[in-house]
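Below you'll find the structures, each written out as structure tokens.
In the two assemblies presented below, subunit A is common to both, partnered first by subunit B and then by subunit C.
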Partner chain A sequence: MAAKTRSVFRLWRLYALMDLRWMLQDTASMLIVLLSETVQNLSAMAGVLLLAVRFGGVGGMTADEVLFMLGFYELASGLCMMLFGGFNIAHISRRIGRGQVDHMLIQPRPLWVQLLTEGFMPFSGSCGFLIGLVLTAAAIRRLHIALTPVWFALLGFYLLIHIALTLGQSFLYGASAFWQPVACEEISSMILDLNSQLGRFPLFGLPGWLSGLLHTVLPVGLLAYLPALSLLRQLGKPVELGLPLGVAAVFVTAAVVCFQKGLKHYEQCSCNRYKDMGHRC
Partner chain B sequence: MSNAAATATRTWDTAAELCHVTKYFDQKRPVSLFKREVQRIHALDDVSFTLQKGEFAAYAGPNGAGKSTTFKLLSGMLRPQAGEVRLFGMDPARSRIEVMRRTGVLFGNRSELWWDHPVRASFDWKKEVWDIPDDVYQRAVGELRDLLDLDDIWHTFARELSLGQRMRANLALTLLHEPELVLLDEPTLGLDVLAKRQMIDFLKRINREKQVTLLVTSHDMDDLTEMADRLLLINKGRLAFDGSYDQLVRTTGDSRIIRLLMRGDAPAIEGASFIGTQDGRHVYRYDAAALTPQQLFAAIARIHGVEDVELGREAIEQVIARLYEEWRR
Partner chain C sequence: MKPFLRASFATAKLCLKEKSYFGFINQLAGYLLQAAALGALLMIWRSLFMQGADTGGMTLEQLYAYTILSTALAPMLNVRTPVSGWLHDGTLLGLYQRPAGIFAQLAAHTVGSWGMRLMCLSVPLVVIASALGVDLRPASAWFWLSLPLAVLQGFAVDYLFACLLIRLRNLEWCVHCLREALNALFTGSLIPFAALPWGLGRILQLTPLGTLAGAPLAICTGLEQPGLLIAAQIVWNIVLWPLALRCFDASTERMVSYGG
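Moving on, here comes the complex of A and B:
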């Protein structure tokens, strides 16, 4: 296990270096990528934030609390993209649907090691994370939140939950591309887009059944809204920890089971299509 | 074949082995707006062969014969419905990691190069992922850059390479970890004459000098004839021939070609069949075992207006093309 852990770190270093080289090889491209990422991230949250500022709050949260929630969303999704955004690991249905799993099967590494490391892009993928860091810091300052070790542990817990839910859903639904490569090639992207659009909204005031649905079956409420409430100390502890942990565990387990079943199917049927778009793109 | 019998065929000298392998796919085809019919396609049907270490074998067959399926089975990407696939005595699907350390796989229409990086970066990447020791890496890179003429493209982005350059870089990358077995699916695809020559020379050299076992597919039979000592012909999922080119020629008959230069329509030659007219010459095929030279020349002498006669062996490519045509029928 120690050898595998060492190899994971070595591969992270490798992909970090490749990402850095990619960033530095063309300054104009690098600046355009960073600028477009920044504009994309800021515009994605502008709607909710402007509404909150205009009306002094929205969905049961003040404007500063909304800023904190949006900051947390950027931080968590940015971290997820930084770790798994490269070469379509987060958008796994693309790799499967394009017949590119073959490239993984000829590498003498366990698949989980490849999936854990290949998407690492700490430089080109850090934009969302950095924006989230600035927004969260600004919100913490305005809200005078006490930064204790427990608070930081809770923050780490919710960041992990966000990543687990995002990847869990992407891999769970993305595994369908093993059976229907053409129809499901973009299903992971759809799921990530859905999370991105709904995960930034405060959900207070919704009917109970809808709120329940958005915290379990389609768990967008667990991506930023509930973590923000918890970190702002507005929820009771059992719900703060138990619900996200339980739902994330269900999604991750289902994703692992379905992905393995999909791989078994792939070993029987392979994929009769192959998109040569740069084999990891 | 029973497990015991299958095991009995294996030796330490065996690089790859297929024992009574059957692989089929069920394809759904729409027959009407709401109705679909399942058709079973037999990609491989009870195929067996063994590749000894150091062998250079060509694997050929018409489109859809089962070549790529065989390569995917050997690479552990697919599992058979029946039979056994073994590489170095291991099941490639179960022992994927160990097998892949000793095997190089290259599909002609795919690239292992990192698209948005210089060629060099893909080699650095492979060194880490395959855990190649520094000394092996330095030696292999030095040799491959030299033999495959990679120096000019070493710092070029993979996306900017021509097809021939990409194939050379891909082949070098496939061989970087010094695999014992190399599976090459269409390695000469799209290459010009010079690039093809380089590729063939290189493959023959590593087979001869390093005893690398090679299994190569190509649609260009001239290439395969030149490269490999052994020919495996597959048709409709069945192994139709396994042997040397000489054996193939003996099996298909000692087929010869006559070219007659003359004006007017092609006359009939007793014992030979007219194939067509190329560059003003009428071309005939005959079986040298059935028609003696005396009979042949006597038949030609009876034809008026012959300006020139050329005799020769039928190219292996034509022999196989004729076989494919017969199989298709």
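Moving on, here comes the complex of A and C:
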């Protein structure tokens, strides 16, 4: 196990170096990538924030609280993309649907080590994380939140929950690409897009059934809204810890089971999408 | 003119009938997710009104109609020809071998591809919303002029983004991200300009991106007076079309495709 842990760190270092070299090979491309990432991240949160400013708050939150919620979302999703965004690990259905799991199965590394390390891009994928960091810090300052070790532990807990829910959903639905490679190639992207679209909205005032749905079956409320309320100390203890942990555990377990089942199917049937000339069909 | 129209119509028909690359299930799942996102957005508007916010004269019905029409008419308010993807995979080069203009072929393909979405998502959405009591009838007849102007302008904007893609040496993902980001905020497709603070909407609604979705939707729902918006749409069409044609022509020699 110690050797595997060492190899994980070695691979993270390797992927970090590769990411840095990719960034430095062409200055113009690097600037364009950074610009587009920055604009995308800022624009995604600007809509809700502007609504909050215009209406003096939205969804039961003040404008500063909305800023905190959006900052947390950017921080958590940025961290997830920084750790797992490279080589379509977070969008796993693309790898599966394109028949690229073959490339992973022939590597002299366990599959879980590859999935854990291959998506690491600390330089080119850090825009969202850095923007989230700045926004969260600004909101903390404006809201005068008392920063205690317990608060930081809670923040770390919710960051992990965000990552577990994002990857859990991506892998759970993405596993369908083992059986329907073409039709389900983009299913992970669709789910992540939906999360990104709805995860930034405060969900206060929704009917009970819809709120329940958005905190369990389609857990967009657990990505930023509930964590923000908890970190702003507006929730009771059992809800703030139990619900996210339970839902994340269900999604991760279901994802692991379905992914393993799909992998067995893949080992028997494979998925040949490439023509001899290199085009994908 | 007649053979040109016949060829364009045939291409559009072909595109409507053809099986999409990812298949019908994928398309259907995409429509369901869009419907779910729309439902959640409508609920959020409702909660905004429930909290008693000062909406500056906007009614909940207007916001409902704006959001529903934004989803139902999305392909027309945010025109996406296949040019960017086809440039990347090499399909675009094949269009030059056919006896028809490149813009006409792209336009025909685009209009044809709207059919499936209109049938599977837009029409059911409009029917259900109307049955539930949301009035989607245009508040002004000028909407029927504003919509085609927005579509026409949308094609010009799309060709300009294609030129940008060619200039950026096929950094397709970056251009895609940039466009999605600009589209979400500056076209008024997600949040009406009238709901933005500091009078931002007054400026944005007259910009080349703001007149794409914001103008027809605001005119249709009665959020804005049509005069100024339609004038801005006409001006931007006059400015952007020659620019798009010139840029595309200048970019032709720079096209590089990968295939695969």
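Basically, the second predicted complex is superposed on the first by the 274 of 281 C-alpha atoms of A that agree within 3 Å, B and C clash if a C-alpha of one lies under 4 Å from a C-alpha of the other, contacts with A are read in each partner's own complex, and residues count from 1 in each chain.
Basically, contacts are C-beta pairs under 8 Å (C-beta built on N, C-alpha and C of every residue); 3 or more make two chains touch, one makes a residue touch a chain.
This one's a predicted model, so the numbers in the text were calculated from it and none came from an experiment.
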item	value
Clash or fit (per the criteria above) of subunit B with subunit C on subunit A	fit
Which of subunit B and subunit C A:L24 touches, first, second, both or neither	neither
Subunit B versus subunit C as contact partner of A:V58, first or second or both or neither	second
First (subunit B), second (subunit C), both or neither touched by A:A249	neither
First, second, both or neither for A:V257, with subunit B first and subunit C second	neither
Which of subunit B and subunit C A:A137 touches, first, second, both or neither	neither
A:S270 touches, of subunit B and subunit C: first, second, both or neither?	first
Touched partner set for A:R280, first subunit B, second subunit C, both or neither	both
Inter-centroid angle subunit B-subunit A-subunit C after superposition on A [Cα, multiple of 10°]	90
Subunit B versus subunit C as contact partner of A:V239, first or second or both or neither	neither
More subunit A residues in contact - subunit B or subunit C	C
Superposed arrangement (fit on chain A Cα atoms) - minimum subunit B/subunit C Cα distance in Å	9
Shared subunit A surface residues [contacts with subunit B and with subunit C]	278-280
Subunit A-facing residues of subunit B, complex	25, 72, 75-79, 93, 96-98, 100-101, 103, 105, 107, 109-112, 114-117, 121, 124-125, 128-131, 158-159
Complex interface listing, subunit C residues touching subunit A	21-23, 25-26, 29-30, 33, 36-37, 40-41, 43-44, 46-48, 50-51, 53-55, 168-169, 171, 174-175, 177-178, 180-182, 184-185, 190-191, 195-198, 200, 259-260
Complex interface listing, subunit A residues touching subunit B	7, 10-11, 14, 18, 21-22, 102-103, 105-110, 266-270, 274, 276, 278-281
Residues of subunit A that touch subunit C when the two form their complex	29, 32-33, 35-37, 39-40, 42-44, 46-47, 50-51, 53-60, 180, 182-187, 190-191, 193-194, 197-198, 201-207, 210, 214, 218, 220, 278-280
